[in-house]
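Two complexes come next, and they have one chain in common, chain A, joined by chain B in the first and chain C in the second.
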Partner chain A sequence: MFSWDLLANAVVAGLLLGGFYAAVSLGISLIFGLLDIANIAQPAFVIVGSYAAYVLHDAYGFDPILTGILLTPVFYLLGALVYRIYYASFERRGDEALRGLVFFFGLLFIIEVSLSIKYGVDYRLVQTGYLSRSIDLGGVGIAFRYLVPCLIGVAMTAALYLFLGRTFYGRAIMAVSQDQAALRLMGADPIHIKTIAFGIGIAAASLAGALLISIAPVIPSTDRDYIGRMFAITVLGGMGSIAGTLVAAMILGVVESLMATFFGPSWSLAVSFGILLAALAVRPAGLFGR
Partner chain B sequence: MGRTVPALLVGLAVIAAGIVLALVRVNPYFYFAGYVILQFVVIATAWNILGGYGGYVNFGTPAFFALGAYTAVVLIRSLKAPLPVLIVAGGLVAALLGLGIGYLTLRLRGVFFSIATLALSVVLQTIIMNWEYVGGSRGLSILRPSGPPFGNYGVFLFTVMLGLAVVAVMTARFIERSWIGRGLAALRDNEEAAECMGVPTLRLKLFATTVSGFLLGVAGAPFPYYVTFIEPNSAFALDYAVNALAMPMIGGTTSWIGPIIGAVLLGTAQQVAIVTISSELNLLIVGVVLVGFVVVAPEGILGLVRRLRTR
Partner chain C sequence: MNRTRALLAMVVTMLVITAAVGLTPVARAADPIRIGLGMALTGGLSANGKPALLAMQIWKDEVNKKGGLLGRPVELIFYDDQTNPATVPGIYTKLLDVDKVDLVVSGYGTNLIAPLMPIAIERKLTVLGIFGLANNEKYQYPNYFQISPTGPDPATSTAIPFFELAAKQTPKPQTVAIVGADAEYPQTALVGAREVIKRFGFKTVYDKTYPPSTVDYTPIVRAIKATNADIVFVASYPPDSVGMLRAAHEVGLQPKIFGGGMVGLQFTTIMQSMGSKLNGIVNYDYWVPEKTMMFPGITEFFKEYQPRATKEGVDTLGYYLPPYAYAAMQVLGDAVTATKGLDQQKIADYIRSNEFNTIVGKVKFGKNGEWAKGRTLMVQYQKVQDGNIEQFRQPGKKPVLYPDELKSGTIVYPYSAALK
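Now for the complex of A and B:
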């Protein structure tokens, strides 16, 4: 007997999860989609955000999401620094493709190992009063633990969308992704603009990490589960399209949730890989591709 | 091909030296650590055939390695198959996966190819974790066969891995010096241009991914007997992916000797670090050395030597 209740619950849970996935993927959408920098260390920065929220919550009882927001300037500077190293070592020499990729892979590994040396491989979770509540809407349960991250994810998407479309620096980032040489001719420094964009991408990881550790327990190697998801969302959404990122994240969330409900949670990881392959095979430009 | 015969002789001499070493019976830890280093020679050499010669960065080394290991587990459980059969079968199954990712290169190039191989590793691990016959996520104990040559199974595995390392390096050297190696170098530098010049890029890529996959599977096949307890987290460890690319990068990716230099240096350093410091810190060293090399010396040790010579 097919249960409509189960289906409705799965779809709602998927949409909520999708909003959170959008928060996680915005950074890579900006860095990989727009700047074309294959930063596969992005999920590791998200995990750093998670552990920062965990440590500050554990020591001083700080709210995880507030911590995530307050730490964005620190992550921004970290991102700017990483980009400068990347630029000086690879982009300027013109061999960013292969060695740049290896650089970020090494960075991912260093972050992961450092975290497991410092904090061990125990699962960590941050629980707060308001996040453990839930509401019931006609048989469909909505946990605040998922609702809050989803809403923040949607808000982050909207903020980034407005920033890129309406502000001077946002438009400059769009310009640098389209034609770097032309931007230089207009008197703007593309490296400066890219540093800002990369910094914002990493800053997004701070908040995404805080959301992640509020939703589910985190270990240092959790980052690997998100590599496939992030890139699947970015490609499906259409490289660099911010609205596309949100839609693709929702699709991935719903498909994963349906898989988990009807086939078992251990298969949901395979979904992102399947979507990534399908998107690249059928429509490489993505849903909202340019 | 004039230098093939001397190279074969050197290879045989290395194997003979290994057998002598096995008969002499030094400290057992030597064979234990030596096995790991030789295993990394095979892995690094195999990775380099695709990554160094062809320019396709494979992050999915653990998938191929573990596929070889788990093929061996299935054959041990079902047929009690002897080690040579395990090695060939493990290699063939991994080669099949290699052929598969070879066809993937039709659609996925550069970064996308690398991400797909990484995701592949995650998916394969998920499947193994759900497969109870091979131990699932809890793992499985493997009994070593009794009465091995040299009277000790660890010593025997050491000589087997030495033989595999010689075969892997010979294969890489042969590919590098034949038209296949030149074709791969051409498509590494510019795939479109190579295609236009009549280089059969697809066939070359399929060849490289298949051979690379085969050798990675071969490296993994004796793994169940080496560890005697196999579980997905150790067979699919990200360490293999990082080491597989760190070692050629450190040694130098354009020559067969680069992965050997990298594997021996980094492998030995790790073995020393495991004993003297801690097993997690030794992984950190690998990561830092890898990033340091790609930033400061992108051509690896071979590149540094070449630069010193021309000066």
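Now for the complex of A and C:
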């Protein structure tokens, strides 16, 4: 069944999917990769972003992606609050390893159940005119509902990359991930810096959620489908490497797409995670890890 | 002394009365009849679990308004199984041993019924199953009854009507692509499809499965398109049904006949959001608002269900599962009334040997507790417009094509003609 046409389409579809995966995984890359906080509730925040986009679209006709962007400050504040609670309850006491994990696990369920109670459990989907279109470029079909999330995912990666490398707060976040005590000696407050970083990670979930509900229908428990992928991408890319997250997401996207096209979709995830294991065997720190 | 005599006389009188009714403890009239169940109120199947529970509560409310069963009020005791089969044994053990329920019904769906079966068999319970596919094939437990109208051979219940319909078309389609999720229902449906494809002499050109957590369906649909199959049979759960359909429109997949076993396309929110993309799809269904499906009591049921569903944020139209969940309770209620008691075996014997008038029509159980004669509908989405929920309340948007006795419209063939 091989044809160059199918191959080109599979690679392009995979890259587009990878861009979306990057958007969804950036928050966890920042929070887990850089801050070393196992925030397994991150996918639940993504779903909150999806519901926010849905509710505002349904009630006022707001564009979902614009909603995702506009709500980032709200999500940032929410993230900052969650981190402060986590810090006061666990990190300050040195209990963060296991109890912190339980805290985020509980948070994930609380968010899920709250969404179920408030909005019910029907599948929710947002469709807009421009996201429903697709174009054909020389035999390669490009669906806008994947193209737009991909472009936004790449833009989010670039923005975060530049922020971390070129701004004071960005460098401070990088520093706190490497040596918290040293940062304190420089006169900076690591807790303040971590609050900012955590807030940015949750803010990314706002936009990621809006992209998700534009691609596929969402229910409160959809978050569970993404936990594995998000952590796998973060680990494969290299803990704390923002560029690595994008590359890893693209690799997983292309592998999934190629497997689905040529060898049977059942193998997609198995092969993707096989690649993760193989890559970690060769480079335990991930592709771009230090 | 007089007081002691009087007391003695009362005790003797009570003993005589007890002996007169058979020396068995008699429930007080005010004691409710407790019916226990686990239901998916959160998790992946909750979009159907909640409406099913609502339908059962409506039945309970109506029965209680009329004075209850055997003169006793009915109480539903339910727990959230979280769409997690591992919770089911614990839930039913608690229902039976702690809550002391008198009767049980299953939760929604094959995966949640499976762990209930060993408990039901061990404790000799009568179980009404809510939309389980072939749960009793292995056990052949005589006291299990399943309410979805899949019939005596559940595995082929979707494939037979779909491919029978396809085989009748002119020009007759020749090649088939089948695809489905790696999950219980789709796998069973695909096994049935393979058997039926052989029976009708079609040639299979694509036969693959995908993980349920797949995000992008375009590579799958593109691979199917490359095979140029005349028939595309899909066995999918709601998120994949939407994914496949959207991808089919983006890629331009236009076989001669498309659909089959796509779960979710019957749900209100999905029908509303997919709109005109549904046109042409030939898919299984269990109830649609066509004249041929207006059984006694169904209109009254929806009159009660729909406002409550809107208020509770569950499937607003509720055509898929709620009427059947209600019908399951009708069967159980009728059996209790007819046997004048709560004896599990007598209730099971009665259900097995009688026909029931329910809001989904006449129900008679046969082999393995499935409907004696299957009644899976094949409908086709026709002239559906975008973003209009009201259109689905009217006949004509999903005419019944199969079976003949319930037929209410004709197929638009090939699929591309229905897209125009």
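Methods note: the second predicted complex is superposed on the first by the 268 of 290 C-alpha atoms of A that agree within 3 Å, B and C clash if a C-alpha of one lies under 4 Å from a C-alpha of the other, contacts with A are read in each partner's own complex, and residues count from 1 in each chain.
Simple rule for what comes next: contacts are C-beta pairs under 8 Å (C-beta built on N, C-alpha and C of every residue); 3 or more make two chains touch, one makes a residue touch a chain.
Predicted, not measured: the structure shown is a model, and the values here were computed from it.
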| item | value |
| --- | --- |
| Which superposed partner A:T261 touches (first chain B, second chain C, both, neither) | second |
| Chain B versus chain C as contact partner of A:L26, first or second or both or neither | neither |
| First, second, both or neither for A:Y146, with chain B first and chain C second | second |
| Partner chain(s) touched by A:L269 [first = chain B, second = chain C, both, neither] | both |
| Partner chain(s) touched by A:A216 [first = chain B, second = chain C, both, neither] | second |
| Touched partner set for A:S116, first chain B, second chain C, both or neither | both |
| Touching partner for A:F231 - first (chain B), second (chain C), both, neither | first |
| Which superposed partner A:A10 touches (first chain B, second chain C, both, neither) | second |
| Interface residues of chain A shared between complexes with chain B and chain C | 112-113, 116, 221, 225, 266, 269 |
| Touching residues on chain A, where the partner in the complex is chain B | 32, 38, 40, 85, 89, 93, 95, 97-99, 101-103, 105-107, 109-110, 112-114, 116-117, 221, 224-225, 227-228, 231, 235, 266-267, 269-270, 272-273, 276-277, 280-281, 284 |
| Chain A residues within the chain C interface of the complex | 1, 3, 6, 9-10, 13-14, 16-17, 20-21, 112-113, 116, 118-127, 134, 141, 143, 145-146, 215-217, 219-222, 225, 229, 253, 256-258, 260-262, 264-266, 268-269 |
| Of all residues in chain C, those that touch chain A in their complex | 41-44, 46-47, 49-50, 83, 182, 208-211, 213-216, 218-220, 222-223, 226-227, 238-239, 242-243, 246-247, 250-252, 264, 267-270, 273, 312-315 |
| Touch list for chain B against partner chain A, complex | 55, 57, 59, 107-108, 110-112, 114-116, 118-120, 122-123, 126-127, 129-130, 238, 241-242, 245-246, 249, 280-281, 283-284, 286-288, 290-291, 294-295, 298 |
